[in-house]
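First the structure, in the form of structure tokens, and then the observations on it.
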Amino acid sequence: MSLLKVRDVVTAYGKIEALKGVSLEVAQGSITCLLGPNGAGKTTLMMSIAGILRPRKGTIHFGGEDIAGRPPHAIVARGVALVPENRLVFPSMTVLENLNAGAYQRGDKQAIAEDIDKLFARFPRLRERAAQQAGTLSGGEQQMLAVARALMSRPKLLLMDEPSLGLAPLVVEEIFRIVTELHKDGTTIFLVEQNAHMALKVAQHFYLMEQGKVSFSGTPGALAEDEVIHRAYLGSSKI
Amino acid sequence: MDDYAIGVLTNIGLISFLALSAYLLLITGEMSFGQQAFFGVGAYAGGMLTAMYGWSLPLAALCAMALGALAQFLVGLPTLRLRGLYFAMATLAAAEMARILFELFHFQRQLEGEPVGPDGSQGFRGIRWVFEHGVEPLEYLGMVYALLALALVAFLLVERSRLGATLRGVGEDAELAASLGVNVTRVKLGVAAAAGALAALGGVLYAHHNTYIEPRNFDIMLGVHSLAYALIGGLGTALGPLLGVVLDIGALEGSRVFQGYRMIVFGGLVALLLIWRPRGLLDERAVQWLRRRFS
Amino acid sequence: MSDLAQNTLDGLFLGSSYALLALGFTLIFGVLRRVNLSFGPAVMFGCYAATWVNLNFGAGLVLLALVTILGSILAGAYVERLCFAPHRGGSAIAAMVASFALWMQFEELASIVLPRHLYDFPPLHGGAPLAFGAMTLRIESLVMLFAALLMCALLWWILYRTRFGVAVRAVIDQPQAAQLAGINVPRVFMLTFALASAIGGLAGFLIAASHEQVTPMLGMWSTMKGLLAMMLGGLGSLPGAVLGGLALGLLEAHSQWFFGPQNRDLIAYALIFILLAARVPWMTTRSAS
């Protein structure tokens, strides 16, 4: 069953169309991965789903409702949370304040406190730094904070845009371990990644995006891994 | 044409120099709240040269333009690395300093038993070169517009040229321009000097049209107005700022209908216009559309 | 020596109202990344509303303060809807020029409704100043300082002890992350504007009551002082706004004493130009859109 259905979405920056009619689906309870070279439009797609960008055409169905063009806070309210590219924490707020900000729309103080405890259990390094300003954290810690903050809204669908970008291999492994854990706990995850190798290890389904359109859809193993990696980094060599 | 109409038209021409000066800076990405200071420099310098030292108006105007260019260059130099609002605030501070300095400036000569020259906040009266040389209002109007036309031709030529593209490139993304080999510092300083000269030219003509100037003439209101004219008229072409000036001074001054609540009407229209067209009436898109239509 | 102390004291009192003006400007700048040229005029609108009420009905100080604050909020809402909401993701210049256009509207409206050059405003305190040895202390100044402190405390409470405050600080800190955290950013803009206008309104009331008069110049004057103080304290920093306001007050009091009133402003502008040109870090860290 599809949790997210994107149909023929066109998103443009002025006259430049970054998304030229993208269609894909994310199945409930799955880890779905989006691969592709730089400039393919992956981040634009994530921003369009999260409401930061407004698609010019097309629909984005989430839980049976078209959320395309709705403001970001309305989309968070419906259960979609985005961990953006380059993390985006609140640099001058503490780790704890960052987490509370993630729960902004919730009113259940008790449950929020429990969630924070659970997240600290999952990310022990964040607990150590709870009172520290987020801007002073390392790249890997900020990434974990960004993920934790997104989780504070108890999303049904977690979007992640290049979570391993700029991180050391050990940290990358940790991130993907967390992704698998979240998946086991029932969160649907839609993941954009440059690191095709790791992504294919965890995903149930993946899409390849090139030049604003989806160019391939299938399960890991449907394409030879080196072909996938080739197209993910360099784009299709078919002219 | 009656004297009132001549006066209004002359005013439009004079302020247009100021608007063009603000426009030039805007297309290179700098927002200046201080062009009125260079307008004032031109006014005072030109007035002093003709009224106190007997220079001819053309010579005085050239000298005033040079001084205006120098003054804006000197302000531009320390503020080169300031962006956006910080640059705007620096120009505001500089312009207010200039205005206060005008208020403190007492420098007079005795001519035929009368003191002539700037007298602080009392102003500078007796800039009578135009009258002493029998220049009729209509002739003066013609002169102003001839000079304005020259300036416009220069602008239109630059806009079609590589220099124009460079200027707009710097305005859109200075870092990108620099990475493409543009000497951004030289561009910005050159533009500063040109803008200063333009404003000063308007100033010297203004001083001789009014025969009397005072520091209050060159306050922040004038500066923000000139910025507004440039933006409202449109940033796509040098005719844009002129359009802005014409709309304000011409249409609403000329029509007595809104006497008394002219600013309420105009202010509201400007705000609404900017919602519809954030880069003015003759913005880049409109200019491209017009060019395609007529070529 | 006692002159120095007196000037310092006077400077602090003066600075407390500058601090409030700067706070209002800074809230708008920090949250919306824009300068609102109609901030002073909106404050003037509130003061004029109170003047009109006073002229026609006579009223107590508390009521006049409320009218000023409400008038400023109303004027501020008008400006926000027309100048800032429509240009949210777009041009900062367009928003600023639009706010300038509305400034013109406010000025003309004021001169139409209350055409005289000067109107009386009831004083904060009718009595004689207190004497402390060689120094004099106007009661009005004490009230002003106290009111300003109270307002700062209230603002601090709002920002650090309420949910709205979390949202405001989040938007100031990282606007896109705030969107992603589910904060309704357009609504934060609107409410911040109202808060900033209220603070400005209080400042306007205190200034009018302490000078016992209102003039049409109040609009431009408030804008210039607020901008100057905000720049001195570092654009976008709230504690900086308070410090900048106090610093401006002290600077003005002392330079006026040594150099006279005209030079006083000259020195303030020169200082700001130098600080900006030197790109002193605290002044230039916030990106202006």
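Each chain gets a letter, A, B and C, in the order it is written, and its residues are counted from 1.
To be clear about the criterion, a residue touches a chain if its C-beta (ideal position, glycine included) is under 8 Å from a C-beta of that chain, and two chains touch if they have at least 3 such contacts.
What you see is a predicted model, and the numbers here were worked out from it, not measured in a lab.
The greatest centre-to-centre distance from chain A, using averaged C-alpha positions, is reached by B. Of all chains present, the one whose mean CA position sits nearest the global mean of protein CA atoms is C. Inter-chain centre distance (chain A to chain C, centres taken as mean C-alpha positions): 42 Å. The geometric centre of chain B is 31 Å away from that of chain C, both derived from CA atoms. The distance from the centre of chain A to the centre of chain B, with each centre set as the mean of the Cα atoms, comes to 51 Å. Chain A contributes residues 50-52, 71-73, 76-77, 81-82, 84, 88-93, 97, 100-102, 104-105, 149-150, 153 to its touches with chain C in the complex.
Note for the complex: chain C touches chain B at residues 35, 37, 82-83, 86-87, 90-98, 100-105, 107-109, 112, 220, 224, 227, 231, 235, 262-263, 265-266, 269-270, 272-273, 276-277, 279, 283-284, 287-289.
On the chain B side of its complex with chain C, the touching residues are 26, 31, 78-79, 81-86, 88-90, 92-94, 96-97, 100-101, 103-104, 220-221, 224, 227-228, 231-232, 260-264, 266-268, 270-272, 274-275, 278-279. Residue ranges of chain C in contact with chain A, taken from their complex: 163, 166-167, 169-170, 173-174, 176-186.
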